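Supplied in structure tokens, the structure appears directly below.
The letters A, B, C and D name the chains in turn, as written, and every chain counts its residues from 1.
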Amino acid sequence: MAVRVGVNGFGTIGKRVADAVRKQPDMTLVGVTKTTPSFEARRAVERKIPLYLAGDGPRSEFEAAGVPLAGTLDDLLGSVDVIVDCTPDKVGKENAARYRDAGVRAIFQGGEKPDVAEASFSALANFDTAVGKRSVRVVSCNTTGIARAASVVVGRWGVERWEATLVRRAADPAESKRGPINGILPTLQLPSHHGPDARTIYPDLPIATMAVVVPTTLMHVHTNRLRLARPPASTAEVVAAFRATPRFRLFAPWERVDGTPQVMEFARDHGVAGDDMMENVLWEAGVRLDGADLSFFQAIHQESIVVPENVDAIRALCVPGSRAAESIRTTDQTLGLSRP
Amino acid sequence: MAVRVGVNGFGTIGKRVADAVRKQPDMTLVGVTKTTPSFEARRAVERKIPLYLAGDGPRSEFEAAGVPLAGTLDDLLGSVDVIVDCTPDKVGKENAARYRDAGVRAIFQGGEKPDVAEASFSALANFDTAVGKRSVRVVSCNTTGIARAASVVVGRWGVERWEATLVRRAADPAESKRGPINGILPTLQLPSHHGPDARTIYPDLPIATMAVVVPTTLMHVHTNRLRLARPPASTAEVVAAFRATPRFRLFAPWERVDGTPQVMEFARDHGVAGDDMMENVLWEAGVRLDGADLSFFQAIHQESIVVPENVDAIRALCVPGSRAAESIRTTDQTLGLSRP
Amino acid sequence: MAVRVGVNGFGTIGKRVADAVRKQPDMTLVGVTKTTPSFEARRAVERKIPLYLAGDGPRSEFEAAGVPLAGTLDDLLGSVDVIVDCTPDKVGKENAARYRDAGVRAIFQGGEKPDVAEASFSALANFDTAVGKRSVRVVSCNTTGIARAASVVVGRWGVERWEATLVRRAADPAESKRGPINGILPTLQLPSHHGPDARTIYPDLPIATMAVVVPTTLMHVHTNRLRLARPPASTAEVVAAFRATPRFRLFAPWERVDGTPQVMEFARDHGVAGDDMMENVLWEAGVRLDGADLSFFQAIHQESIVVPENVDAIRALCVPGSRAAESIRTTDQTLGLSRP
Amino acid sequence: MAVRVGVNGFGTIGKRVADAVRKQPDMTLVGVTKTTPSFEARRAVERKIPLYLAGDGPRSEFEAAGVPLAGTLDDLLGSVDVIVDCTPDKVGKENAARYRDAGVRAIFQGGEKPDVAEASFSALANFDTAVGKRSVRVVSCNTTGIARAASVVVGRWGVERWEATLVRRAADPAESKRGPINGILPTLQLPSHHGPDARTIYPDLPIATMAVVVPTTLMHVHTNRLRLARPPASTAEVVAAFRATPRFRLFAPWERVDGTPQVMEFARDHGVAGDDMMENVLWEAGVRLDGADLSFFQAIHQESIVVPENVDAIRALCVPGSRAAESIRTTDQTLGLSRP
């Protein structure tokens, strides 16, 4: 029987998770919530996704806009096996008890602190940890990017030391109220929270992260430098390992992709859904092994990279006997991700 | 029998026209051309669109990249009824004789001067002009936006005076070498070329245009102020007229679309193709009639707005007995545009 | 005896007004206020400008930072003849009674509504109106730009109709929390408030304004189109009139200034104070008279354009017998503005 | 007797070097060159700096613009002891023989390859190397930033390993033709050229650099992580060492400087010259020592940071018996830099 899924919050992450759930053979999307009517609410209606009122939003606004409501969040909770919390940062924490009281399993996003759930989750790294749990937290976009890369290098070659700089986008494309417009803001907290967050997945990962915020909306870019314990023979071997791993996309030099604008152009052309790019993006020419020192860039699409992880998390929590490789294969195939 | 179509140039406009042609019931896409391999060439291969070598590009680069070529531009010209020239500005002019010599009909883009073809074209305004011609020029994105708006106001209410300021995007999203990054550049030519260009469609249009370039990649925005000869009774009547016209999309206040970033977000959600928005975009709250004076904003998606016009132009040139309303209806339906 | 001046608020406008006041032969800067210590407070200390605590800010923070305070706002009010209110929008309104009770004259900025003061003020247009008043409001940067331009055209040639589009900068250079980063936001209110605001200076000005916000921090740019009642003979005559007016700077084509980034570069080079540009900036090549229709661009430096107007306003309120031409000449000479 | 200095190229670097030379007690600025008239040429004229024609530019354009020329580059070379080459990248190389033939000493910029001159130069690190040479190359802005930081850490604490990511500005403020407008471009060359370039100053420096380009015009920001051989006792000791070194400026937390836009605001306020910031900028809160691992951010003003280095280079080449500490002290004092 299909897992009945609700999505609380129909914004950047929520709307993508909802679309992804609808594509899964073993899941049913029961509904989504919103606090106010908007063009995004209209999207739900057009796709025939039942819309529920979140919080104590003004029901009258929906009526005035002609956007029908199927009920409230509590109604939704009464009809699902699992709720995916895609509310703004820190709101998930407030919702946790409500989900527990309703007897539904819950998935939280990386904007919440780790203690919001029984475990933190990243599919390539620790799927099995989540099996049988009642709640997990899918780590944030940047941490997901790091955890996926770690799944390639840690077991294969060992990591003695990992330095990463996260060059972060300042706002999502549709956000008009965040800056800076012209400037670079250092995240003065040292190390940035991303390193410790990665250790909720890989407890001993010797990673140190620094971050800056820059005026772009498209993607984050990470610079990575690692000292490997058992380095492979060549750069080509590193490239091959990334290519052999799900949820990585590598661009060859002849493809002439010079940066995140062209990665997004590729994504628009590819046309799975808008311009989503759910894979870690690497440039072959931007990978280099020099003795035991590995350097590589990766670009991370903050809006969509956690979507497949949320789908896998649903399966880990709700489908008895689910296994990592199989879930990842199903998720990636239904979402149109490249096959290694 | 289906019209056999070739597309010369597979960049921003060409790739979209190719996709659109493939969706038409009465057209066949024979192939497209490219000068160098790239991720966009890969897109053609993945979609099984035959790829031809444009100009005297280096065939060896395609071979090295494993991108198969079906022939040269001349081979393509030998197999089509009409060629859509989507080469960079001014290159179309150089190609015109070649198309003529090959005996194919030709459609040029607005980056060429008007004399490149027998007529300039904008579907809502002068479809009939193009019927039976051997070549037309689809006017540029900004001029298309103006001509469509003119098709709503000129006949209905008469225009005594029209002032427009074009706030132009500085580069397309995938272009990394154009600026400015932080600043506004006035287009010092007065009036800007857009007014005269609009008169290739509406010969007596009393429009005066000024333009500035601003650091954004998403869309142009026009501010318009018109003195009407026979004004309607109310702003609501103006809004209704735009809503009743194909290729216009109006956002209501409750949809909370605050600018071009959210228009693009709507387009991504809508998911027809990447984030294309082939319609003139107006905000209901940004339309105001004050006596005989009409003010309105419109946003123009420079990458895709001319796509339906190119499709209609193909039909006008190549399908005997084709008529405007019918062509527009077919084009819009196949491209997923909203129906008035 | 020198006029004793206080500046309430030491931000973008306040710090510039304070510097300007210090350069006037007939004024003394008694002190400025700030709510929190910052690098800008340090600037006051380095320049030996007494710093007063605004509102009920935390005095302890100043002490911890080693930034000495000379007293509170009330202390400052007790020592000045006039206070220039440079607090954030709408705060001036709250302060008005306090200034009145303290018996000091007051100058407000354009972020306040007109009824905050006895009159609105723009030096070239209505200096005399302010003489003898106890309070005036210096109109905002964009309105100041319009009022100055009106002072050139209204009397000379008559204005029958004036259409302006204001392409507004989204944030000031030092603001990191405002966007958009990539997009254009229409100001849906029609007409924008600038036209009505200009009529607080020129009551019958037939101007209609529309505005958009764009992702730049440097300057606003206005496009202007006017129908003149008694047009001059040539574009050259228009250029000459602007050149003959104080507080206008025109760039000749050979100077190769292609937009606001290079206007700011000119200002940096000129080096009066940072990169301030207190004059309306016009491009000669961007002025065109066509019969009775005049078109021109002007760029407005939002951070500094109102500074000379504030200085003149002080003189109008506080120096008995002051006259416009003389005050403007003194102000411009001390601030290093170009002489017509 | 004062050293007679010429500056070939009056652009971003050249105009700043010219201004700096004029402030030195032991130097005379003989003249500068330009290829075309522009607002920057006007600046030279206003400051009474003789202007010479560079290359075979069109003398007639200067005449038409009313910008007087004092002669040609050869004339200038005949009147100076040393020429500072501030021409675009790679042009300096072409000029080298001409300078040699004219018998003048020469200083090149970091856009040239190291072999353009007898030695590469950074004042804090290797002033003595340059003494008595006939030519040196002042390393680029980013390399100067690295070399200065190295002068603090290398001798004091030893460096075992240094990872740096350079987040580079895409264009200078006045450049309108360079992008990207919205995106991040990785510099795929690994390591980036900055590490090897730093070794022209510190031959054994174990630094590895990666770089990305981001859409801002103000400053570069470096993230740095070092493993120290003989670490100091505390972060405070590190901060103190930077504070004790010329050409470093540290911001304290209470100053509320959140990124490069506010660093530039500080520079504008400080008002030495436009908004130049010739010092490496560090945030105290952005320095952290964790055992032997040191992390810190630094911001580098690409337009002005090499100016004091050029001044010192002139002295090293031309003033017999000149010594580092003394030259640096004179340079910094005349340029208004902070004193440690």
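As a convention for this text, contacts are C-beta pairs under 8 Å (C-beta built on N, C-alpha and C of every residue); 3 or more make two chains touch, one makes a residue touch a chain.
Since this is a predicted model, take the numbers as computed values, not measurements.
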Quick one: which chain's Cα centre is the longest way from chain C's?
-> A
When C-D is set beside A-D, which has more C-beta pairs in contact?
-> A-D
Note: chain D sits from chain A at a C-alpha centroid distance in Å of 42
Quick one: chain C and chain D, Cα centre-to-centre, how many Å?
-> 35
Can you list the chain A residues in contact with two or more other chains?
-> 173, 175-176, 180-183, 185, 215-217, 258-259, 261, 264
Within the complex, chain D is touched by chain B residues 170-171, 173, 175-183, 185, 215-217
In their shared complex, chain A is touched by residues of chain B numbered 15, 36-40, 42-43, 61, 64-65, 173-176, 181-182, 217, 251-252, 254-259, 261-262, 264-266, 268-271, 273-275
As the complex stands, chain C meets chain B at residues 163, 165, 167, 169, 180, 182-186, 188, 190-191, 208, 210, 212-221, 223, 225, 258-261, 264, 283, 285-288, 293, 295, 297, 299
